[in-house]
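Two complexes, one shared chain (subunit A), two partners (subunit B, subunit C).
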Partner chain A sequence: MAELLVQQLVNWITLGCIYALLAIGFSLIFGVLNVIHFSHGDVAMTAPFITLGLAQALATALGASIPAWLVLAVPLAVLAVGLIGVLLDKVVIRRFRDAPAMMALVATVALGIVIRELIRHLYPQGSNPHAFPRLVSGMALEISGVAVSWFALLVVVLTVALVTMLFVFLRMTPLGLRIRAASEDRIVARMMGIRDARVFRATFFIASAIGATAGLLFASYAGVTRFDFGVMAGLLGFSAAVIGGLGSMPGAILGGLIIAGIEVLAQTFVTDGASYRLVFVFLLVIAVLIFRPAGLLGRTVMEKV
Partner chain B sequence: MQARASLAAPGKAAAAAFTITSQLCGATFLYLILRVDGGWQVVGLLALLGLGFYLLERLPWIADYAMASFARVPLVTMITAAVVVLAFPFFVGSNTYMLHLLIVAELYAVLALALNFQLGSANIPNFATGASYGIGAYVSALLAINFGVSFWLTLPVAALAATLFGFIIGIPSMRTRDTYLALVTIAFGVVVQQLLNNFSWTGGPNGLVGIPAPSLLGHSFADPLVIFGWKLPSQANFYYLSAALVVVAIVTAHRLHASRIGLAWNALRADEIAARAQGINVAWFKVLAFAVDAFLAAFAGTIYAFYVSYISPDNFTFLVSVTIMTMVIVGGMDNVFGVIVGAFLLTILPEKLRAFADYRLLFFGVVIIAFLMIRPQGLFPQRMRRYGGDL
Partner chain C sequence: MLELKGVDTSYGAVPMLRGVAMSVRPGELVCLLGPNGAGKTTTFMTVCGVVRALRGKVVVMGKDMATLGTENLASLGVGLVPEGRRLFPSLTVIENLRLGYDAVSGRGPDFAAQLDKMCTLFPRIRERLRQVSGTLSGGEQAMVALARALIGEPKLVIMDEPSLGLSPKLIGEYFEITREIHRRGTTILLIEQNAEMGLGIADRGYVLVKGKVAQEGPAKELLSSKAARSLYL
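Then we have the complex of A and B:
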């Protein structure tokens, strides 16, 4: 029993960290642009494909095995996805900044379709699932008879590091200050001489790069990647961000952990829980929003008349 | 100025001529786009359509003139429309694929009109229309398969079940707003779809097979329809049935739009707090919008289930709800005619893009994004309410 508990605890934290990283992207973009970037999950899930493609290309061009090149391919892919995010903002999302919320939602859902279809067509045999290697293998340590893998450790360390870096960046750098200013009030920020175009570029790059990390970890956790993983990754990340409270970073992390928690609980303790896990996840989402309509850590805005 | 005024108030004969001609042109265009089967012909017809909308955009008096004409001779308008709808299958003949597309387009038109009560009239996002549609389809299919209930009885039962569901989603809607509300409806949609996918009594991912064809006055809908010696394929039965449902949906939309309920919804859209201050029961009207949406969607679901005689959870996913939403936005929110055009266009377009083979979904996504950027107000923007008087 204790073993099972520890095992599930490890699973929960690993998955929770991945969801939290996804949710941070949604929350960051919403906080700054007031736009739901529904294709964020799809953007994130391009990272495993870019990584695989790069590693393969490098291996054929320069020899050596594919796993060896992953070390180089992973950071390049994260960088590339960050740039993809900036590009999408420039071409599409920016135009829906001041449109009604539903427009942006529908447009980004369509954007998600476009991204998925592009992966399917551009990647060789893109319709099929592709095996994705564990970024690190082997067992790191043992807690009461349960072996904890290096991978789980990597996920946790990476998440903590990224979140800390993001926090330091937002609190202590000039650009971070500008991002926070723009998210508070874009028009006033502009009047104070903040170039919002730059703020949006930075926000999209950071959000997409963090999303790419989450996408890589997710594919690595699942051991496989498919062009349509982005739909679920997007829905779960979005849900995590919303139940935490859109625009709140601690909320996004809390939301990620809660969503992963209910998923692991359902899989462990409910018969047939694996197939019903999404039902539990989304029932929880509904319940949270009934009692806390602005998310757990979200600010309730009183509307002035 | 004088010329403009006379254009705005056409004479009876001119109005009738315009009404009949424009409707026949519309029908011919629909027929042609259904008929053509080559990449270039489709592109040509779409270019023609684009030119039409460009003209409407540049010369807004055309739309005013059309509206004035239709209003001047309502009887002629309705009779022409009825004749066009009734006669269409005779021109289509034995081309069952065309009929199939028309039926699906009609059902989507009903779904889009249902969603329009919320998204268009009251500006409430609802991503659970697909779920109501699915509940309608599953309830009626289960009743028909397990208990042998006739199609005509399952219709109201399915609608009631879905309306109940509408009330259930509507209740959290009283507390959440905007993006949060959108997520609540997405969550409901996913829960319903996943439950259908997992319960054994709904057939799981395999769905339900062998839904019996309905029959009316001894005529089975699976048999060819014979009218005055003309033999129409069996799909024609469902074509007329769905057309009748579209008419019901249009009448409902018009009646609601003209009633206090429609006015209250519009007030909600304009400003919720102001509406509350005017004594409008905000919560009740929001829930009502959900219920009406679910009610109509269930009708469409029932007809769909009996038409294809096979349903699976894949027919009612989140993406179906998004498609319905796109139809409303593309057509023009709170504009009944626009919403129907949107539904037809977005049903037929992906099929016609088959010329682009595997790339059609990609193309579809690009078209939608481009459309939302170029014409965010929709093909036919909502019109001002008019209370009989001339402006």
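Then we have the complex of A and C:
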């Protein structure tokens, strides 16, 4: 029993970290633009395809195996997805920042479909699932008789590092301060000389690059990637952000851990729980929307006179 | 420093300003008065470039606002105090002030020296620097909003109803500070509903009624003019 609990604990933390990274992107973009970027999951899941494509191209051109080129392909894919996010913001999303929520919803859902279909048609055999390697393999340590993989450690370390870097960036750099100001009051931010375009560019780059990292970990955890994985990744990441409170970074992390916790609990303790795990997850999302629409750590602003 | 020439604006189909013409010259403290709904905040928003003029011209520091974004005003030396203070509530007082400093300054005296200056002008701020600004009292927020506009040493400060919601004691203190800032050489456009206090410290005034300038002149004349008093009281 102890072994089972430790094993599930490891699974929970690994999965929770991946969902948290996905949720951070939703929260960051919503916090700054007040737009729910429903194609964020699809943007994130382009990263495994770009990685595979790059590694294959490098292996073909320069020799050596595909896994050997992952060291180079992974950071390049993260950078590329960050830039894709900036481009999508400039071309599509920014135009809906002051539009009714329904328009932004339809536009970003449509954008997600465009991204998926482009992967399907442009990537060789894009309709089929593609094996995605573990970014690191082997067992790192043993806890109560349970072997903890290097991959699980990598996920935790990467998540902690990215969250810390994001925290430091937002709290301690001039650009971070401007992003936080713009997320609170865009009109007054402009009165303070803050340029919307720079804030949006930085926000989309960071959110998309973190999303790309989550997408790579997601594919690596599953061992496979598919053109439509972005739908599920997006729904889970968005749900985590909603549970934690859209716009709240700690909320995104908490939401990710809660969703992963429910998934793991359902798989462990409910008969045929693996099939039902999403039922529990989305029932919780509905419950949060009913009883605590602002999410568990959602922002409330006091107005004093 | 600031000129509006025959400015019309509207919110959708609702006209707000109709042919508004006014000016603020260097070194002046000009008060724009008017009852609720007269278009005072619309004038502020139009001057800032948040609301675009449909007709006429808005010139700030020699630049036409038709081609200038709101975000460029600060670097021209314009400090803004919007209605309701509008501090960034989750940011600390010092972070709010830093944004105000970075907006206008850049090359001037360093931030620490300017911060110290603001804390001398507004002593209550000093002990609140690390506090999240959304938790300040209304009076403290008003002081921080003014300090945020002043910390970069702007040439022109535009204030929109700064006394709104303040206690009578705080209003007196606030106007005294505004008078002191003007005395030190800062040009000010004060948009106010409190006519006695506003005109009491101003050089000139304009009375805005239903989106039009109904009366203008030296502050003392407006304060004693029966016609003007009937418009804003």
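As a working rule, the second predicted complex is superposed on the first by the 299 of 305 C-alpha atoms of A that agree within 3 Å, B and C clash if a C-alpha of one lies under 4 Å from a C-alpha of the other, contacts with A are read in each partner's own complex, and residues count from 1 in each chain.
Everything below uses one rule, namely that a residue touches a chain if its C-beta (ideal position, glycine included) is under 8 Å from a C-beta of that chain, and two chains touch if they have at least 3 such contacts.
Just so it is clear, the structure is predicted and the values come from calculations on it, not from any experiment.
S.K.: Look at where subunit B and subunit C land on subunit A after superposing the complexes, then choose clash or fit.
M.R.: fit
S.K.: Using the touch definition from the top, say if A:92 reaches subunit B (first), subunit C (second), both or neither.
M.R.: first
S.K.: Tell me which partner A:193 touches in the superposition: subunit B (first), subunit C (second), both or neither.
M.R.: After superposition on chain A, A:193 lies in contact with subunit C alone.
S.K.: Which partner does A:153 reach: the first (subunit B), the second (subunit C), both, or neither?
M.R.: Touch partners of A:153: none, neither subunit B nor subunit C.
S.K.: Quick check for you: in the superposed arrangement, does A:178 touch first (subunit B), second (subunit C), both or neither?
M.R.: second
S.K.: Name the contact category of A:222: first (subunit B only), second (subunit C only), both, or neither.
M.R.: neither
S.K.: Looking only at contacts as defined up top, I'd like to know whether subunit B or subunit C touches more of subunit A.
M.R.: The partner with more contacted residues on subunit A is B.
S.K.: Using only C-alpha atoms, work out how near subunit B sits to subunit C after the chain A superposition, in angstrom.
M.R.: 14
S.K.: Using the superposition described at the top, list the residues of subunit A that contact subunit B and also contact subunit C.
M.R.: In subunit A, residues 305 are touched by subunit B and also by subunit C.
S.K.: Can you list the subunit B residues touching subunit A in their complex?
M.R.: Of all residues in subunit B, those touching subunit A are 119, 123, 125, 172, 175-180, 182-184, 186-188, 190-191, 194-195, 197-198, 273-274, 277, 318-319, 322, 325-326, 329, 358-359, 361-362, 364-366, 368-369, 372-373, 376.
S.K.: Using the touch rule from the top, collect the residues of subunit C that touch subunit A in their complex.
M.R.: Contact set of subunit C toward subunit A: 48, 50, 69-75, 80, 82, 86, 88-91, 95, 98-100, 102-104, 134-138, 141, 148, 165.
S.K.: Under the touch definition given earlier, write down the residues of subunit A that touch subunit B in their complex.
M.R.: Going by the criterion above, the answer is residues 30, 36, 92, 95-96, 99-103, 105-107, 109-111, 113-114, 117-118, 121, 231, 235, 238-239, 242, 246, 272, 275-276, 278-279, 282-283, 285-286, 289-290, 293-295, 303, 305.
S.K.: For subunit A, which residues are in contact with subunit C within the complex?
M.R.: Touching subunit C from subunit A are residues 174, 177-178, 180-181, 184-185, 187-196, 299, 301-302, 304-305.
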